[in-house]
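Which chain is which? They are A, B, C and D, in the order written, and residues in each are numbered from 1.
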Amino acid sequence: MSDQDLRVGLIGAGRMGADHARRIHERISNARLVAVGDPDIDRARQAAADTGARAEQDPFEVIGASDVDALVIASPGVAHEPLLLAAIERGVPVLCEKPLTPDSKSSLRVVEAEQARGKHLVQVGFMRRFDPEYVELKHLLDNGELGRALVLHCAHRNASTPPGFTSEMMIYDSVVHEFDTTRWLLGQEISAVSVRWPRSSAAAPEGLIDPQVVTIETTGGVLADVEIFVNCGFGYQVRCEAVGERGAALIGASGGPLIQQSGRWGGNVTEDFRGRFGIAFDEEFQRWAHAARRGGVDPTAASAWDGYAAAAACAAGVQAQATGERAAVELVDRPDFYS
Amino acid sequence: MSDQDLRVGLIGAGRMGADHARRIHERISNARLVAVGDPDIDRARQAAADTGARAEQDPFEVIGASDVDALVIASPGVAHEPLLLAAIERGVPVLCEKPLTPDSKSSLRVVEAEQARGKHLVQVGFMRRFDPEYVELKHLLDNGELGRALVLHCAHRNASTPPGFTSEMMIYDSVVHEFDTTRWLLGQEISAVSVRWPRSSAAAPEGLIDPQVVTIETTGGVLADVEIFVNCGFGYQVRCEAVGERGAALIGASGGPLIQQSGRWGGNVTEDFRGRFGIAFDEEFQRWAHAARRGGVDPTAASAWDGYAAAAACAAGVQAQATGERAAVELVDRPDFYS
Amino acid sequence: MSDQDLRVGLIGAGRMGADHARRIHERISNARLVAVGDPDIDRARQAAADTGARAEQDPFEVIGASDVDALVIASPGVAHEPLLLAAIERGVPVLCEKPLTPDSKSSLRVVEAEQARGKHLVQVGFMRRFDPEYVELKHLLDNGELGRALVLHCAHRNASTPPGFTSEMMIYDSVVHEFDTTRWLLGQEISAVSVRWPRSSAAAPEGLIDPQVVTIETTGGVLADVEIFVNCGFGYQVRCEAVGERGAALIGASGGPLIQQSGRWGGNVTEDFRGRFGIAFDEEFQRWAHAARRGGVDPTAASAWDGYAAAAACAAGVQAQATGERAAVELVDRPDFYS
Amino acid sequence: MSDQDLRVGLIGAGRMGADHARRIHERISNARLVAVGDPDIDRARQAAADTGARAEQDPFEVIGASDVDALVIASPGVAHEPLLLAAIERGVPVLCEKPLTPDSKSSLRVVEAEQARGKHLVQVGFMRRFDPEYVELKHLLDNGELGRALVLHCAHRNASTPPGFTSEMMIYDSVVHEFDTTRWLLGQEISAVSVRWPRSSAAAPEGLIDPQVVTIETTGGVLADVEIFVNCGFGYQVRCEAVGERGAALIGASGGPLIQQSGRWGGNVTEDFRGRFGIAFDEEFQRWAHAARRGGVDPTAASAWDGYAAAAACAAGVQAQATGERAAVELVDRPDFYS
């Protein structure tokens, strides 16, 4: 009923934030957008337009507003920590776009603050956990059909990169998803990361090493390789094959109508992550809204701990990139609070 | 905003109705369930439970209630006509599960009533129009990539039938979807229907002719064949291939993770229509809610006219089944109101 | 050993005959080409060049030659009957390209002659029986994995037609293969043929009805539909799906490398029947050579009876095309000789 | 013609040799088997039976026989060197099953002997070069459709291993094929090999590390990863994806009829390498026979140099396995004779 609608405040009105404003307004049941905060007030107004929400220049006004039951944070990662700490202090559920924070130390502070608060409030936006194919893959692993997992083969491809895209961003913005899906699919932590690369593509901008092959080791002895190729030219593609003791399962290889035309059979490759993961975003937000109305977080979603672990893996990944050596992932002991 | 939430009354609390109650409550933005009407009041109560809606024994109480902005009709098809006429009279938007009504004469009366009311209020629940793959197929046909359509090949398979399922129900309950998708994909009316069949499967219950092959002719000269096989044993599968002058496109053939296991490669077949069309139902309802809040219907959805045309095609289909002869489809002239 | 090599005479040095000359010379073990006969002696010489075979203008010289152990007939169908009768009289094994003869009456005369001779000598070149995918499909049907067959869905597509191609040739040259595969896969005779068609493609030459949909009924109650589309534009494609009581199996839908490129996933469609059935031709000839060295025919191959039955089905198909009515297939009783 | 038939001597009548005896006798045009040599004379007799060939206990008798035009060597790798040197001395073309010899030093002696003889005589049995899908993949790379190659992803899976199979054999017997295909597809040498592994499968026999992931670096800067998993349980599968600057192409992922049955869609996985590469073996032998009749080798096939380079890569692979470190591949300069 309307008096139970979750009243959502959104912080960050960039491309992703504006998408989420529309999503909350048009697609998510039992939730409505009440405020959009962005230092660029015009952008905030634009995202709020037609949603019934007000615009604020100061994000902390949104966090502190009495009519805000829950928060979505879609501002740049560097701004996340103080926003998260304020939200935790106020005790409101937060769906925070990845990364939780840009580095593991600050992520750990968020983890500690949440733990101190004694209540699960923070959820990180690793939307692949809500993609129907990833969900099926996890189901196949969990129900034992494939036997114990041994190897993962992943590919993460973008048609091209925007100006200014760096090798580090390939880890922080892209492979971070594979760090999370690896941890989530297997229920294991990442113990080490290595990075190798072939000669770069002629299509890669100067200074960008592209493609790269990241190797992930887990505490359970699984080896995962990730091809990350952000100027592959032909579209957006995210693939994952899990190889187990009794079988293997692959997602993301193809899909959509099978077309016969001009001497070819096949189909179209999605242009970007929206086409591939649009349904996953909707599902993520809907389940978050249901959970947040009850004051909590969706247990399937990535927690603050997951955000911290991903940040630590990214740090190792960037170090491995820089040194060419295998980098161990250092994590504090997992608190019982997150088990 | 909450004061703009669409207040929905649901009529019919059987399996489909109960599904829709949950859908409206949990998945559909800007809509909330306020009343559930079913002659079986216990069933109504069960469907309404936890949704904040009240239960009513008399469906017309729901239609007439001042707090009901829009209606979903999910009762058996034989009960639809008076419900629809009452809703049209009251001027509330209706999402009516297929069939509009069980026969073309009564469907025509609904069409005429809506036309007399002068406002588009009725939408028929042909959910395939909201399935992402069907939408892509229509896009391929509309944008000319395949050239003009010439032939459709369809297959519609269920693992098995419940007791009491008849050959006529294969037309009314199953092939009716192919009648609608054929009309919608092509933008043409159906001009004639023929039905042939091989020997029946040993798995078909006594008295049921299964499988059957239905041939559809359209006013634009397209020939569509539909294999309808409701005891195929292996799962639920809906396929459609459109063959055009420059290419062909197929949907529904396979999907989900590609598994290598036990000497086989491949994936799982969906058990029933929920697995296959769950997302389509959500999309259908969400778009309907948006349109109904503005007092109208979704232009993509099937109209009362489409419901009437499908009923007329079903009548021809059942006649063709009974006589073994090609049966022409008789339609009144399409009113400008529906063009 | 070389003294056991099958000495082959080839009649007909057109495109198909020249292919076969090369095939026998380069690919077929235990066989060598000794003579090529064609009224166009230059063409015969060209096909014989580099193979060690001599050229003859009179095909009957080839049939009668004492150093010819076996014959391949690749001349036009209208010329087949006297050649076959002469070969039967001489008692040499023959691999005759389809059709056996252009009509069922003359085919029956060949059947009767072979029967009178009391020895299986004639094999008809329905090469699909040697295609690995067709062989697997037959295996699935024979071993009962799919249950009893109920329906076949076939598609037979060519990129375009040469000048002078007629609607009748769509039956005689193309659908004749589906007549044979239907009979062979099912072990049943064809009882009736119907033909329907949508509006023709703009790419079809004037006077040609293209595509067409042929429906085949068998004595075992199976219904087969065949889309025949000879100006489909995108390549050569032969598909067959067998639907049985417990499952369905499809061949020919796709194949080759899976390519991701230019916004598409998928592969290349074969340009013509050589790309699709090259291996089947090799296998057909190799197995024929082994059988012919022992004086007989390959039991898997199409017999003279199969050639006769295909001719009778073609006659019904062309009649159904001309009249728009279902045409029954008339066959004499199958002699024990062919059971 | 028969007097030009290549007279083949076969050395080694184990499982592979017996297969080849049958292949030469039944499938290969212009070649006939005249002698089979094996220290186990009974085995030699069995392989020779029905082929018209004689059996010899001493392989060198076969090499020296005046009626032997060419040799097939299918004995264990440790026996190859003296056989190859004798054949080179006699000047007869040899098709030698892989490995050329078990180590790069002895392989280099063969290379030097052939070079000293001044004539290309030795061909190594890397049959994948004749597999239609690999050929298509090479074609896609050579014609530039995919752009310059950057990364290869390979998987090489066997259902299970025979007793006594060791981790070293995973390199020498299995990954050796990926060493050759990598070199051949790219036209580059291998510069280094690394090996990593996850925890082993419970299905791996004690002492066997299975699966393993081999990383290959090439002189052209390409990075190839190979999953080698010889107790995968579900069948035999060889996959290769080439990722280039403009696209990617994958072979070996699936194939055969697409079956819908028992709640699954998909097809059957080949049990062993015969099902997967049978046609490649036939093609390899046929082309070798044509070349050997002219006294030479097939330019597509792997040369003695290729055999040497594969042996050197294997040595690096086994070293990398033992040390856990990246091992460089040491090759002598490539003689002009092999360019």
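What we mean here is this: a contact is a pair of C-beta atoms (placed from the backbone, for glycine too) under 8 Å apart; a residue touches a chain by one contact, two chains touch by 3 or more.
Not measured: the values here are computed from a predicted model.
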| item | value |
| --- | --- |
| Smallest number of contact steps required from chain B to reach chain C | 1 |
| Reference chain A; chain at largest CA-centroid distance | C |
| Between chain D and chain B, distance of the C-alpha-averaged centres to the nearest whole Å | 57 |
| Distance between the centres, which are taken as Cα means, of chain D and chain C, whole angstrom | 36 |
| Contacts with 2+ other chains: residues of chain D | 232-234, 246-248, 253, 258-262, 268 |
| Of all residues in chain D, those that touch chain C in their complex | 1-5, 25-32, 52, 133, 136-137, 140, 145-146, 246-251, 253, 255-262, 268, 279, 286, 290 |
| Complex contacts: residues of chain A adjacent to chain C | 232-235, 237, 253-254, 258-269, 271 |
| Contact set on chain B toward chain C in their complex | 147-148, 150-151, 153, 155, 196-203, 211, 213, 215, 220-223, 225, 227, 229, 232-234, 243, 245-248, 253 |
